[in-house]
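Next come the structures, one after another.
Below are two complexes that have chain A in common, paired first with chain B and then with chain C.
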Partner chain A sequence: MRDALPLVWREIPERYNLIGSTCENCKQEFFPQRLICPNCRRKGNLVPKKMPDEGKIFSFTQVHSGAKGFENETPYTLAIVEMPNGVRVLGHIVDAQPEKIEIGTKVKAVFRRIFAEGEEGIIAYGFKFKVAD
Partner chain B sequence: MVNGKVGIVGYGAYVPRYRITAEEIGKVWNKDGKRTGASLGVSEKAVAAWDEDSATIAVQASRTAIESGRINPNDIGAIFIGSESKPYAVKPTATIVAEACGCSGNLTAADFEFACKAGTAGIQACIGMVASGMIKVGLAVGSDTAQGRPNDALEFTAASGGAAMLIGEGEPLALINQTLSYTTDTPDFWRRQHAEFPTHAGRFTGEPAYFKHVSTASKRLMEKVGTTAKDYTHAVFHQPNGKFPVKVGMDLGFDKKQLEAGLVTPLIGNTYSGASMVGLAAVLDVAKEGDRIFVCSYGSGAGSDAFDITVTKYIEGKRAKTPVRRMIEDKEYVSYATYAKFRKKIKDLE
Partner chain C sequence: MRSVSVIGVGMSKFGERWDASFRQLVAEAGIMALKDSKIDGSAIQAVFGGCMASGRFLGQEHIGALIVDQLGLNPIASTRLEAACASGSVAFRSGIMAVASGMYDMVAVGGVEKMTEVSVEDAATALGGAGDQEWELFQGATFPALYALMARRHMKEYGTTEEQMALCAVKNHENGSKNPYAQYQNKITLETAMNSAVIASPLKLFDCSPISDGAAVAILCETSKAKKICEQPIEIIASAQASDTLALAQRKSLTELNATKVAAKQAFEQAKLKPKDIQTAEVHDCFTIAEIMAVEDLGFFEKGKAGKAIEAGETKLNSAISVNTSGGLKACGHPVGATGVKQIVEAVWQLRGQGGQRQANGVEHALTHNVGGSGATATVHIFKRA
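Let's look at the complex of A and B:
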């Protein structure tokens, strides 16, 4: 399981602080980070950019059969969150009763554990979303 | 005076959303939980969710402090995290907080451990570094997901939560006039390496431990700055339960009204390293310019850090965006089974 370590480490800016990219040429923003702007190709220039930490639920689903490593957390809610900059991000919704989760519900990024590699491995942290007050 | 300039330039707290009542805990052990809770002065306690730990709590509190105090994370030159429930036995929580708060790498960082007072020890370290000109702003956090052994008295109080204080100069929302500590080697509570739950010395934890250290540090600080209890608008003491802080406060000459704003343990339990700091955050949420605040922490082992603080006119612009009382009210009750799952008290859960 320690194979995940390089990836966990590399993804820290993205997972902790929602660091994506913005193209200096066409101004479009991307998350996760991209190497090449799909609009501008060689003319584009992508630089790191922090995404807004608030958005609205674009769509969501209740997961009853959890992915590997998340089996004990079911049922949990996964949502696609649309940020004010148009970027859509997939994330868990935490601390919410199901009836509070609807399309259009305002959510805010919070810092949580994503997974732990067994009892002795690394703990991966990152963003999840919580219904905003 | 420390130097007349150093103070709190931002603050934030975090209380998890879930609660378990003393009654619910009692049910599992065939005890009258309501009565046990009443005797401890704690009716319910805050429970961190499945995916929360002392690092995530520290990050949430620190982000609130940075945002509310409008501090540039690049100005933070030191981060000290006080906790006795670290996610890693070896690997600092402070680096996780630094990264998650967008700080530059140009800072010193470490985790402190001194039972329930590691957070205030961090505040003192930051005061020294700021006042000496070593750093511009320091971040001190007290954060815990405290665990009590199942069916132990501690299980009724051991809770999760934390608070962060940014220490700096230039427009502080509260000046730290003076701080002083009292420390002795007193084995009232401990957890050995690799042990899952702490051990406490029962009745021994009161008189020679909590009361002796809190009252000695408090009296000495008031002597040093020439104040009496009457000079303070608010007083916050470490609150391992709902009773100790009230008793020690009254013994020192404070009245219930002075203790009210900062007394949060009856509603969220003992957040250990977070306890006195969450209490201070709750006071800062309601304090006005000119209010004088007395704070005294306590950590088993044992020691107390006392602080004499004066609120400034900058408080209005820097109040925490998420007040402690609102987080206390925003709650959802869980059963003992859910609590056992969230806190991984069931073997084999990580």
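Let's look at the complex of A and C:
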């Protein structure tokens, strides 16, 4: 059993909508949200910002020894996706043949089930990535 | 600041220690270190202990109190420090700061972890806490997966190969076969490593350090006093630590650990040395790609050139630089809280000429490099004979 239950509920807006932050001072964008800009600190001003929902695979791995809670989908592909605004995000790549996945492949964020918590089936949702057409 | 030296070291045998409890491991290493230092326990004024996840592995917290109690050193102050897999070396730094500042003259530093009481799956979940629970573990990112993402990038940017990574494991098993304290004392072939099961591509089973039990202890003393009471004190001539983002995806580069680079730069400045002045280094090879990145980030090889250097045997015992003479995390084992202190034990043995069959020739300076998580914490220490 995972211990992630509180996280499942608290992080809903960011996880569902890919809302990050942008600093009005240095213009850098961040995901997940930050409260303090690491470039500007007190001079910075972070406001919520919707992240692009497309990007390119920056690195990837096919996980054969899966994390607890992911037994049913193992093996699965994880990638760090780089968005056009320079922000990188880690997530699953879904519905793709492994041979179609390489560094540079274009992907699109989709809303999916991440894992089911225990027998009661509390389901955690969030973003994953799908190879773009 | 006062100079600080190591006057005694000890470690338990690393491995699946079903024969020994957490506290027995602490006592095993502690008794050995005290004997080695030839001092009486009553001379020790404070204890610093590194441990990552005893709560997850054993349901036991309050490790500072447990260690000082088991070492029979009550009622002196004892504090636990946690920095994931760098817990041991972070505790070691606290010991250094306590003595260097003049607050104490002599302290004991320990590192300990007992990981094999829980299932491999639960151990992996506990270790996952070294990463970003909300944005990495939540997404199913295991530790091998995070290092696999780095490996893939390193292969893409520098042409590093799976064989070169596997050769790190082969070399570390070769060294581990000469270390009676190592978890694995068997040699392996490149073929064995290359044919092992894929864990997170491109990393295979033999690219990964094991789940281990173990403890290590070092006794620290102010250097002028150390010279009076100890035959061969080992002086700590650099101690540096740096941080980076908790989550891997937020780093500028996936092919280096900036925390290692920053800590290394500071350490070499403190020691007034260059990478070429180091003869033996214990580096944090939680995965083979981590050793490749480490020897680059520490400055022993140019960025992107370590794969070829390892292929050419330049990190083997008594080559250009002897890397992980203990067998590293791969073969000696990786009880996470203990590893940082174990690396220091090996550095001390190498400088004293007590490395046995794995002794490197002409060791003047030894370096240790310990990493927490996927690189959010890194420490570098450099040692010489006082």
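The definition used in the following text is that the second predicted complex is superposed on the first by the 127 of 133 C-alpha atoms of A that agree within 3 Å, B and C clash if a C-alpha of one lies under 4 Å from a C-alpha of the other, contacts with A are read in each partner's own complex, and residues count from 1 in each chain.
Going forward, a contact is a pair of C-beta atoms (placed from the backbone, for glycine too) under 8 Å apart; a residue touches a chain by one contact, two chains touch by 3 or more.
Note that the coordinates shown come from a computational prediction; the quantities given were computed from them, not determined experimentally.
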item	value
First (chain B), second (chain C), both or neither touched by A:I114	both
First, second, both or neither for A:L90, with chain B first and chain C second	second
Touching partner for A:D133 - first (chain B), second (chain C), both, neither	first
Partner chain in contact with A:A124 - chain B first, chain C second, else both or neither	second
Partner chain(s) touched by A:Y16 [first = chain B, second = chain C, both, neither]	first
Partner chain in contact with A:K56 - chain B first, chain C second, else both or neither	neither
Chain touching more of chain A, residue-wise (chain B, chain C)	C
Contacts of A:I103 with chain B and chain C, given as first, second, both or neither	second
Touching partner for A:G66 - first (chain B), second (chain C), both, neither	second
Overlapping contact positions on chain A, where the chain C interface meets the chain B interface	92, 114
Footprint of chain B on chain A - complex, ascending	12, 16-17, 50, 72-73, 92, 94-95, 97, 110-114, 116, 118-119, 123, 125, 128, 133
Partner chain A, residues of chain B touching it in the complex	17, 49-53, 55-56, 59-60, 63, 87-88, 96, 99-100, 102, 326, 330, 332, 341, 349-350
Chain C residues touching chain A - in the complex, by the definition given at the top	121-122, 124-125, 128, 133-142, 144-145, 148-150, 152-153, 156, 197-203, 247-250, 254
Interface residues, chain A side, partner chain C - complex	2, 4, 7, 11, 30, 32, 58-70, 76, 78-80, 88-92, 103, 114-115, 124, 126
